[in-house]
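What follows is a single structure, and I will ask about it in a moment.
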Amino acid sequence: MIDITKKPEIYRQATAKGKITLKNKTIQQIIEGKIEKGDPFQIAKVAAILAAKNTSSIIPLCHQIPLTSINVDFQIINDHNIEVVTSVKTKAQTGVEMEALTATAVALLTIWDMTKKYEKDTKGQYPTTEIRDLRVIQKIKEK
Amino acid sequence: MIDITKKPEIYRQATAKGKITLKNKTIQQIIEGKIEKGDPFQIAKVAAILAAKNTSSIIPLCHQIPLTSINVDFQIINDHNIEVVTSVKTKAQTGVEMEALTATAVALLTIWDMTKKYEKDTKGQYPTTEIRDLRVIQKIKEK
Amino acid sequence: MIDITKKPEIYRQATAKGKITLKNKTIQQIIEGKIEKGDPFQIAKVAAILAAKNTSSIIPLCHQIPLTSINVDFQIINDHNIEVVTSVKTKAQTGVEMEALTATAVALLTIWDMTKKYEKDTKGQYPTTEIRDLRVIQKIKEK
Amino acid sequence: MIDITKKPEIYRQATAKGKITLKNKTIQQIIEGKIEKGDPFQIAKVAAILAAKNTSSIIPLCHQIPLTSINVDFQIINDHNIEVVTSVKTKAQTGVEMEALTATAVALLTIWDMTKKYEKDTKGQYPTTEIRDLRVIQKIKEK
Amino acid sequence: MIDITKKPEIYRQATAKGKITLKNKTIQQIIEGKIEKGDPFQIAKVAAILAAKNTSSIIPLCHQIPLTSINVDFQIINDHNIEVVTSVKTKAQTGVEMEALTATAVALLTIWDMTKKYEKDTKGQYPTTEIRDLRVIQKIKEK
Amino acid sequence: MIDITKKPEIYRQATAKGKITLKNKTIQQIIEGKIEKGDPFQIAKVAAILAAKNTSSIIPLCHQIPLTSINVDFQIINDHNIEVVTSVKTKAQTGVEMEALTATAVALLTIWDMTKKYEKDTKGQYPTTEIRDLRVIQKIKEK
């Protein structure tokens, strides 16, 4: 683990974004509130927030960083895609892009889990479902 | 959480695959064993195995499933891309695709964390790095 | 920890119930969907499900029991009270009342956390808020 | 999760209190040190301390707060009731009442678990046992 | 992680043993019940039981094994040494020696933590304290 | 848990050391990179780092301390012994020797787990394997 002992505590923020591709029919069922397991965005938001706070246990070489803000947003961007954007803030000795990325990945995985039933084909396979475009879109640190 | 009380315990297997895009220079440093934080594949493998076992805590509506096998493979598929393939096995009342997907996502996130230093541009942003093509490539269950 | 090695694996079910007393105004804001932190019942449900699965880490002498079903219901029973009822099922060598109780307690605590802002008086104290009547209402085991 | 980025780090303290109702006979066995699973108060104290430190993983929207003090006290207040009082302290950007409440709830649940055997009737039900009166009795913050 | 998919579920038991060397004065204070932080054996027992159940998260390549019995015993064997013996049982596809060892190690570490204050010299160093002789003393499996 | 509320945040460092005794043949196989489960030192390092960060959940009365550096080193010191040395750093209100000790213990346990197959005799027992000499070798705090 990188030694950050001598780095100053400064304000830091990171934003990550990712997408999940689903069948159009599944997107429709989300819009209509018909997903049997519950509201995918509500559940995914909770999962993302918990994952952000737990990043240093999930990603082995991450430092333990208490986050002062976690914001997770969901948007249906077209017939087949949902976009998740997560922003996290802290005052810390190292950056928090892994927290933003981990939260976003877990939100996307949770949407998959919530919609599994509608995405499987008759052989139990997932021809459409895909998590993609997971990127850090902005990192800010106090000068 | 879906009620699986009456489903039989049968043999189940799932395989997930995902990619991370890195700078060609970073890929070279991985090949040459020059990543300062350690061997990204070894660390990512451990992270993936721990995540697979911990899936029911990370993805809220997943059942607790003791896995009998977790296999994580890494391949540098070209100048810019690493592919991670994870297979998990169990005898259980429900499928384990979320375990395979979660492990693969965590392996890819760990590679990101291990190579962060080499991927950042002079403004601390990540113009190249991207996790993508995360899919379930095979689900098998005993008839 | 009690030795359950020689007990048979049988079907088991447990249901727990508990209440939280809130200000009438807070109850109104829940009904109207105006709680700033999000929908208390959705968040509390996720928290309860995760807690049920994690009971053996929270309550030291509980055995590790994979649950096959967790059901959490919320009801506004009058102007001041919300009732949470949690049912869990498993096939195991010991009962699951602690799982049902822990999940219910965590659901109630999460409602508290979600509505804190509306429950505090001008001195930051909680004159109204109270968790109470947490009981096991039914335990069933296969003969 | 509420954004606390701009709030100052100040001294904070919270105290929560709760009760568990048990059979008089069970209370007697606790007094006489005859509970087969061990000393309920010792075990419940450890469970409470661990829960206080783990609050941000149990209650989804709680911030990660390192506590500087956790104090858990047990008192047999009459023939049927045990009272648990938990005080926690920290220097942080937000209050710690959820930590005090979560610790108290887990202490009470652990007492239930430790005395289950003595509380069950011949049908395996719990006619007497009840967790109740869980409240925040004091919140203090540095001016 | 070793693939145990085809191994049969059989009865398994493992016992581990380890020692901690303390100052004679510290041993006396344990005997007299004067350790300020509480009873080291009670706290260490809880820590050991929780660690045994959590072994697959602590030791990366261990399988998730639900234990049916965990027994932790403490003995002051002479003026300077405490011995911890942990036995665990399960019905599983692989052995549980790592669970017995991890629990014993955590019990010994917890005793250290409980008695730190009495073991430190004036420079804050630990000239006497040592954990040693941590071994598996017996592994049994059903034929 | 000791009340550290009024202690100042100062620089602190702790180093722990421990050994594991293995068969000479197992040591040879580690040197030759022939351990089937993977590189024991790489896996043990990850396990140790995660354990250091998780100490306050493993050792009940430890405070939650964000570490700014964790360093784990492995050395084959002779035909039968591997030595693990772990140093941790922080700026905190209390010392971090338990973090260094816990990380070292978990590294040693992980080496055991990785080499189990080669250490067992024909009856499945471990006549050679032993964890020993686990000590704090240095504690430093800023004056």
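As written, the chain order gives the labels A, B, C, D, E and F, with residue 1 at the start of each chain.
As a convention for this text, a contact is a pair of C-beta atoms (placed from the backbone, for glycine too) under 8 Å apart; a residue touches a chain by one contact, two chains touch by 3 or more.
In this text, all values refer to a predicted model and were calculated from it rather than measured experimentally.
Participant: Show which chains lie in contact with chain B and also with chain F.
Facilitator: Expected: A, E.
Participant: Relative to chain E, which chain's C-alpha centre is the most remote?
Facilitator: Chain centre farthest from chain E's centre: A.
Participant: Comparing centres built from CA atoms, which chain ends up most distant from chain F?
Facilitator: Between chain F and every other chain, the largest centroid distance is to C.
Participant: Where are there more C-beta contacts: B-E or E-F?
Facilitator: E-F
Participant: Hey, which one of A-D, B-F or A-C is the same interface as D-F, over half the contact pairs lining up?
Facilitator: That interface is repeated by A-D.
Participant: Averaging only over C-alpha atoms, locate the centres of chain C and chain F and give their separation in whole Å.
Facilitator: Whole-Å distance between the two chain centres: 38.
Participant: Please compute the C-alpha centroid of chain B, do the same for chain C, then give the distance between them in whole Å.
Facilitator: It comes to 33 Å between the two C-alpha centres.
Participant: If you average the CA atoms of chain D and of chain E, how far apart do the two points sit, in angstrom?
Facilitator: The mean C-alpha positions of chain D and chain E differ by 26 Å.
Participant: Starting from the mean Cα coordinates of chain A and chain B, work out the distance between those two points in Å.
Facilitator: 15
Participant: Of all the residues in chain D, which ones touch at least 2 other chains?
Facilitator: 1-2, 38, 43, 46-47, 50, 54, 60-61, 66 - these are the residues of chain D that touch more than one other chain.
Participant: Using the contact definition from the top, classify how the chains connect: line, ring, star, complete or other.
Facilitator: other
Participant: Considering only the defined contacts, which chain F positions touch chain A in the complex?
Facilitator: Going by the criterion above, the answer is residues 11, 46, 49-50, 53-54, 66-71, 89-91.
Participant: Which residues, counting only chain E, touch chain D once they are in their complex?
Facilitator: Chain E residues touching chain D: 38-39, 42-43, 45-47, 50.
Participant: What does chain A use to touch chain F in their complex?
Facilitator: It comes out as residues 1-5, 56-57, 60-61, 63-66, 93.
Participant: Which residues, counting only chain D, touch chain C once they are in their complex?
Facilitator: Listed in rising order, the residues are 1-2, 18, 37-38, 43, 46-47, 50-51, 54, 58-62, 95, 97-98, 101-102, 105-106, 109-110, 112-114, 116, 124-126, 129-136, 138-139, 141.
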